[in-house]
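Should a chain be cited, it is by its letter among A, B, C and D, assigned in written order, with residues numbered from 1 in that chain.
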Amino acid sequence: MLDLGHRRWAIAEGWIPSQSSFANRALESHETACILNAGDQPAELRITVFFEDREPAGPYRFTIAPRRTLHLRFNDLAKPERIPRDTAYSSVFESDVPVVVQHTRLDSRRPEISLLSTIAYAEG
Amino acid sequence: MLDLGHRRWAIAEGWIPSQSSFANRALESHETACILNAGDQPAELRITVFFEDREPAGPYRFTIAPRRTLHLRFNDLAKPERIPRDTAYSSVFESDVPVVVQHTRLDSRRPEISLLSTIAYAEG
Amino acid sequence: MLDLGHRRWAIAEGWIPSQSSFANRALESHETACILNAGDQPAELRITVFFEDREPAGPYRFTIAPRRTLHLRFNDLAKPERIPRDTAYSSVFESDVPVVVQHTRLDSRRPEISLLSTIAYAEG
Amino acid sequence: MLDLGHRRWAIAEGWIPSQSSFANRALESHETACILNAGDQPAELRITVFFEDREPAGPYRFTIAPRRTLHLRFNDLAKPERIPRDTAYSSVFESDVPVVVQHTRLDSRRPEISLLSTIAYAEG
């Protein structure tokens, strides 16, 4: 498989609702960055999270093995710090090899679920 | 952090429902432009809003500090004029430094919420 | 306002549900192409609609005045022919001046509404 | 109709819910790749599906006739193997002629439906 994608990506939207109508992980309110490493080298990823009223958090570091996808929940980020709930944020992804990034939210503040998704912004 | 993004963005969709099933700000029907300024310079932003049957409104002016995001609700635009509800519009963003723009709507006309989102159109 | 956008756009998804839970136009199931002509010349638009099992329909022709948006419902297309409901389609937009195109569906087959949106594919 | 699109596309998000609130095909939970071949040559398509913890599946092969769209459900992929439900995946599309790809999910785990959509990532 050839290298596919870009080394820098950004997601301008970010909002993890503090409320969920369901206790199981699948339907808990969450935001996800879906990251595809279609190439034959591991991808070393560095994520920075931006806020409206303070300096950025991070870097959060992850490795994605060759020919693997990672569906990374922003809810699960913990080191160096947790992403606050009910708070506007954005995120930037820097990888040493090309990857592809897509953003989703599952929102279950209300008893029905609602979904959003978009390709992230690619550069470089 | 390096400069990331583009200086001109457009969102062709625009529609703020006049109705909401909830009174709290989080679940009120709204459209948002999420704007990331990942660079080390302030971003001076100029927004123009286009309609189907009249000349454009604006410019609306905002400054985004370095390394900050702004989740700007179209509902809140007031100067030089308010965006009418239940009215088709589009928007163009011009910045003096590169930024990244994503568009979302939370629609609560019905008692459950519905979400949409997309990366905006980038140029320049 | 400078010219902004591209002259050719495509939306690969297309599906107009035949059912709606509401009779009013705003909440009737529909798909829309939101088209922004931010420039100072009229945009002459030519839309072709593709199907899974027959030759394309169209062209559908529209003019968008300078500095105007058009939120065009596929439900309303009538000449040269109506778009069938519950049928997979795609669409291609050709304009003589640059425009920006975004795609949305409001789906009210169920009593709650659901939304999707994406920037269209741009070229040329 | 001129050739339109790209030869390589990727969708980083993938998740087919195992549950549906409805038995009819239209409202069953599903993910779709909408693929437009606007050109005058058949498109020979090769799809590879990536996972978090195993080697990729595929290739899945399809032909799209000239001037046709294909709304391909990931649920229906069967050869060389079925896509597992409730499992994170990504997909890569390689075509011998330019095509346009858009991704959608209809999620009916809950009695109301929820939709997401995005243009896929294009390259080459």
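Observations
To be clear about the criterion, a contact is a pair of C-beta atoms (placed from the backbone, for glycine too) under 8 Å apart; a residue touches a chain by one contact, two chains touch by 3 or more.
All of these numbers come straight from a predicted model, not from anything done at the bench.
Number of steps on the shortest path from chain A to chain D, with steps defined by chain touch: 1.
Chain C and chain D carry the same sequence, and matching their CA atoms takes a turn of 90 degrees, rounded to a multiple of 5.
For the touching copies chain A and chain B, the fraction of interface residue numbers used by both falls below half; the interface is of the different-residue type. Rounded to a whole number, the gap between the C-alpha centres of chain B and chain C is 21 angstrom. Separating the CA-averaged centres of chain A and chain C is a span of 30 Å. Across the assembly, chain C contributes residues 111-112, 114-119 that each touch 2 or more other chains. By the touch criterion stated above, chain B contacts chain A in their complex at residues 1, 4-5, 26-27, 32, 34-36, 38, 67-71, 100-102, 104, 111-119, 122. Considering their complex, residues 8, 10-15, 48, 50-53, 55-56, 86, 88-90, 92, 103, 105, 107, 109-112, 114-121, 123 of chain D touch chain A.
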